[in-house]
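There are structures below to look over.
What follows is chain A paired twice: with chain B in the first complex and chain C in the second.
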Partner chain A sequence: MKLRDLKSAPPTAWFGIVVIFAYAVVAIFAGQLAPFSQTTIVGMEFEPRSAEYLLGTDNLGRDLLSRMIWGARNSVGIALATTAIAFSLGAGLGLLAAVLGGWADQLLSRLIDMLIAIPSLLFALLLLSIFGTGITILIIVIAVLEMTRVFRLARAVAMDVVVMDFVEAARLRGEGLVWVIRREILPNIMAPLVAEFGLRFCFVFLAVSALSFLGLGIQPPTADWGSMVRDNAALITFGDITPLLPAAAIALLTVAINFVVDWMLHRTSGLRD
Partner chain B sequence: MHPLARMILHRLALGLLTLFVISLVIFMAIELLPGDLAEEVLGQSATPETVAAFRRELGLDLPAWQRYLSWLGGMVQGDFGMSLANNRPIVDLLASRLGNTLFLAAYAAVISVPLALCLGLLAALYRGSWFDRLVNVVTLTSISFPEYFVAYILLLFLSVRTGIFPSIADFGNDAGFGTMIYRTFLPAITLVLVVTAHMMRMTRAAIINLLAQPYIEMARLKGASPARVILRHALPNALAPIINVVALNLAYLITGVVIVEVVFVYPGLGQLMVDSVAKRDIPLVQACCLIFAAIYILLNLSADVFAIATNPRLMHRK
Partner chain C sequence: MTKPLLSIRNLHIQGRQDAGWQPIINGVNLDLNKGEVLGLIGESGAGKSTLGLAAMGYCRDGTRISQGTVTFDGMELLSLPERRRRRLRGARIAYVAQSAAAYFNPAHTLMKQFTEAPVDIHHIESQADAERHGRELYAQLRLPNPAEIGFRYPHQVSGGQLQRAMTAMAMACKPDLIIFDEPTTALDVTTQIEVLAAIRDAVRDIGTAAIYITHDLAVVAQMADRIKVLLRGDEIEEQPTRDMLANPQEEYSKSLWAVRQFRSEPNPEPAADECPVLRVAGISAEYVRDQPVLRNVSFDIHKGRTIAVVGESGSGKSTAARVITGLLPASKGRIELNGNVLPERLAQRSKDQLRQMQMIYQMADTALNPKQTIREIIGRPIQFYLGLRGRERDEKVRDLLTSIEMEPDRFIDRLPGELSGGQKQRIGIARALAAEPQFIICDEVTSALDQLVAEDILRLLKRLQNERGLAYMFITHDLATVRAIADHVVVMQNGEVMEQGSRDQMFTPPHHPYTKLLLSSVAEMDPDWLDHTLEQRKKAQTDVDN
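What follows is the complex of A and B.
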């Protein structure tokens, strides 16, 4: 992406970029920004908003603002790690299947078909009930499930490039598998892959926070937006908006990413509708 | 045999095969455990005798393939085994809850399908106008929202602050149809909001895709009005992709329902499943998974059949 493209970006994309940047800053400097630690109990349960506790305290008396700030690091960090694993696995296998072709392609594709036939939230629930809940297991389970979608996309776009003459030329002059993938194919499919990374991140982020909301994802006392909604849900029956804040933090980030991805897809596909 | 009937049989066989593979995956998932179910459920403090007794009771001392066959055989005959958490037959736990979940999903579908198709058509018809842009931004936003965010916003404004609708969507066994509709309004509307956005965007994309075809340009050139071009020329050919879109989103409803049920404390299959995951009641989770997967496959299957029935050209596709 070049700088001059940014100038022509629509306001929605600009909004998205600014929001993503702000989240990154908060996540990186969580330790400096948060007034309290994420696990210390500082006051009474469910204290209202005050000068000391800007957003009040949560169900155990921890400062909500601090937990929101730490949540940026924990929730987004875990989702990012999961997406990165899913992406390297899926894109790696997808490219391999496209380049090797033949039985390797058949084997991988049928395996992925099988995994993709099960709705992913259900499969995640099944695996979590068997292995128990924990961050490592959560990351692996979601990564494997989302990997299937990345695999399909990577394989499909790579298939179009593999048949091109320059790939054939590289093979004929004796370049190895890794060279062909890295130097000949990857540069040509970067744009859809980057957009896919953004979309996958949104799905992973929503899936992890949904599982945390159900009490099956990130476990206490780690501050995480999904479980914070669950912990403070009782407040909603008193007409208080506190439980909506962490949910809104999730929504804002996914909206921002979707706006940016929408603009990128629009630009690379040359659609002007 | 009629080609359509043969096609349906073919798809049905394919669907059964998929279901069989899924049942294998669901069953095999347990075999991934480092120990076995007995050690896992009873914990480390259990004596070897209790573990052995528990194994015998569940039939864990038999080889895997034998257990799989008897499990699958039981499922086919409607015997889902016993729940580990409260020792009741799983069938009893599932029966009423499956009905509730299907009711909620159907309720949401009846509202969202026509709504999404109309909005999608209008957006495609007035492409590039302020209406199209507004709908694009609104749907993109609502796709990005977590389901429970939408659910809690509705709960706050329509239930807690104004008191129009009840916040807990539980109804007794003998509630009338009207009461059921009223009490489950909030969960249904939450699902409608989430699903309509997806469906509408896909409908719009499917129609716009068609509008680039030469025969549409021909219709335009000969002076047909925009409404006629869309309704008479584009829509009949867009039916197949639209049916797929609808089925995909109904399948999505089935999983989306899990979270909405938890928020509104609705006595459905999704909530039962989440509870049993927390209690690690694995046989119950397996049964829920298999039922959800079967519904999912059935939906995709009927979408295929309807799509081909409306567009016989698909039957001869290579």
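What follows is the complex of A and C.
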């Protein structure tokens, strides 16, 4: 992407970029920004907002603002890692299926179909209750489930490129599989894949949060936006919006990413207006 | 003096490009009387189709009519409300597009789509009347079995039949004006002649006026009463067909007429004991078991010579190339490179065997990776086969660019999207040359190009052949190309070689019957050619019947 393109970006895209940048800063410098540690109990349970605890304290008396800040690193970090793995796996296999074709394509596609056929939340719950609830396992389970969508997209867009004469020319030259995939096909399907990366990231984020809310995702005392909603849910009944703040943090990031993705899709597909 | 049916005055059309507007048509005037056929001719980008559509008061998305008037039968189309214009289209002005297959709805029968305009849209006929009228038109356009062909779906009829069905559709409401936009360009020559004859007779019979758009001079010579030459949105000249053919006034028109004159010096016959660069010996091949698409095909290609493989679509000429390159393993027969048998499959061939044989494609657009610069596209085979890197490799890329007549400094860092069609095809040639091959397969390399550009490419290929002793295999359906460049001709039909021999043998009688059919189907510049050919065929047919 060139700087020139950035300048012509619409305000919505700018908004998205700024928000994503802010989240990144908060996540990276969580240790410096947060006034307290994410696990220390600093006061009474459910203390109201004050000069000391800007957002009050949670159900165990931990500073909510600090946990929000740490949550940015934990939740966003995990979602990013998961999406990256889902993409490497899904795009890799999808490209392989498109280039090899024949039985390799059939085998991979049917396996993926099987994975898709199982409702993903149920499947995740099942796997997590079998393998336990560590962060690594969480990342792998969600990555495998999300990988299926990436596989389908990568395979479909790669199919359009595989039939091009320049791919045939590379094959006739005697180029290996890796070259054909990396140099001939991948640059031509980057645009939809990048757009999909943004969208997948949102879904992974929601999946992690949902599982955490159910108690199977990120385990206490690690701060995580999903579980923070659950922990403080009781406050809602007293008309306090505090539990909605972590939810709002998730929503804002999702919207921001979608703005950026929309802009990129528009740019690459050459759509105007 | 009667008023013309269609009168276009000082028409300017612009197309949106980036932020501004670029001119497409610069002030063209056009008059068309009732029952008259006007031929519009020019290279791609000349604005022929844009002008044709403007005659219906229509412009494509991203274009606008900035100035001028289009008057049809006393009505100023451009100032009419869109609703009134829509009522004219299909009823009084009709349009026939280049690729009928893309314009038909695959989910409806031909007759249903035929009756849509007169019955459902313009309400001028009852369903039964429209269907009867449709069958008459099908018969008039010489479609086989006109009573029943309407029940078929578009994919159940051939390309030539579909094109005629589309012409019938255009005539459904007995329009005063039909615009034909390259209606036979996508067809084989033997099919084209039937469609041309059918269209011309039908236009004469119903007395409609027509604008006939094409880039093929010989075709327009058969169809049009007058010819107008366009170049980049400007009118070059307009004359009655016979005058235009006999005596074009402007330089540009003359250059268009001269294109077909290019003939290369034939290369000397090879010595009888010379080992051919490539020998194809008794090849058969099939995609589906026991349904061969190639049957016992054999030919030799010698150093420094050009062999042309000619045939219509479906004749197996492209499949032959796939077998030679190893993409499709042959079920019988063998291929020899310099006397050594080549492994059937691509994966089993050595790097040097692959290097010796290169390919140039028909569609330069899809043959070059749009995300790689010219440096990478030409540099890769150099690096891959010859092991050169960095500066040495760049040196070589520059040499190659020079030899295909493109300035290295200007082009080396461009992407294919920043080149014209002819330039892209040159890059395709340079990529093939980069491997320093002995033998190049040219798959319809000129058929997607304008005639002037195509001729430049042929001249370039010829020069490179003389300089480097290359052997070419030209796959083509265009006999003009064959006549221009081939030393040896192989005629194929239905996967079999019908006849082969030197260029002179092929173009002088006696011919094999299929070769004769092919040769006689190539349109000539003579305006009487279509009548003569049809007459001869009819006579030959009656001779056979008697």
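The rule is short, and it goes like this: the second predicted complex is superposed on the first by the 271 of 273 C-alpha atoms of A that agree within 3 Å, B and C clash if a C-alpha of one lies under 4 Å from a C-alpha of the other, contacts with A are read in each partner's own complex, and residues count from 1 in each chain.
Just so we're on the same page, contacts are C-beta pairs under 8 Å (C-beta built on N, C-alpha and C of every residue); 3 or more make two chains touch, one makes a residue touch a chain.
If you're wondering where the values come from, they're calculated on a predicted model, not measured in any experiment.
In the superposition on chain A, A:184 makes contact with chain C only, while chain B stays out of contact range. When the two structures are aligned on the shared chain, A:206 is found in touch with chain B, with no touch to chain C. Counting the residues of chain A touched by each of chain B and chain C gives the higher count for B.
Contact with chain C, but none with chain B, is seen for A:175 once the two complexes are overlaid on the shared chain.
Contacts of A:121 after superposition on the shared chain: chain B is touched, whereas chain C is not.
Look at A:105: by the touch rule set out above, it reaches neither chain B nor chain C. Common to the chain B and chain C interfaces on chain A is no residue.
Within the complex formed with chain A, the chain C residues making contact are 325-327, 346, 349, 351, 354, 357-359, 361, 363, 366-372, 380-381, 384-385, 431, 435. Put simply, chain B touches chain A in their complex at residues 18, 21-22, 25-26, 29-30, 32-33, 127-128, 137, 140-141, 143-149, 152-153, 155-156, 160-161, 167, 208, 251, 254-255, 258-259, 262-263, 273-274, 276-278, 280-282, 285-286, 288-289, 292-293, 296-297.
Within the complex formed with chain C, the chain A residues making contact are 164-166, 168-169, 171-175, 183-184, 187-188. For chain A in complex with chain B, the touching residues are 12, 114-115, 117-123, 125-132, 202, 206, 209-210, 213-216, 226, 229, 233, 236-239, 241, 243-244, 247-248, 250-251, 254-255, 257-259, 262, 273.
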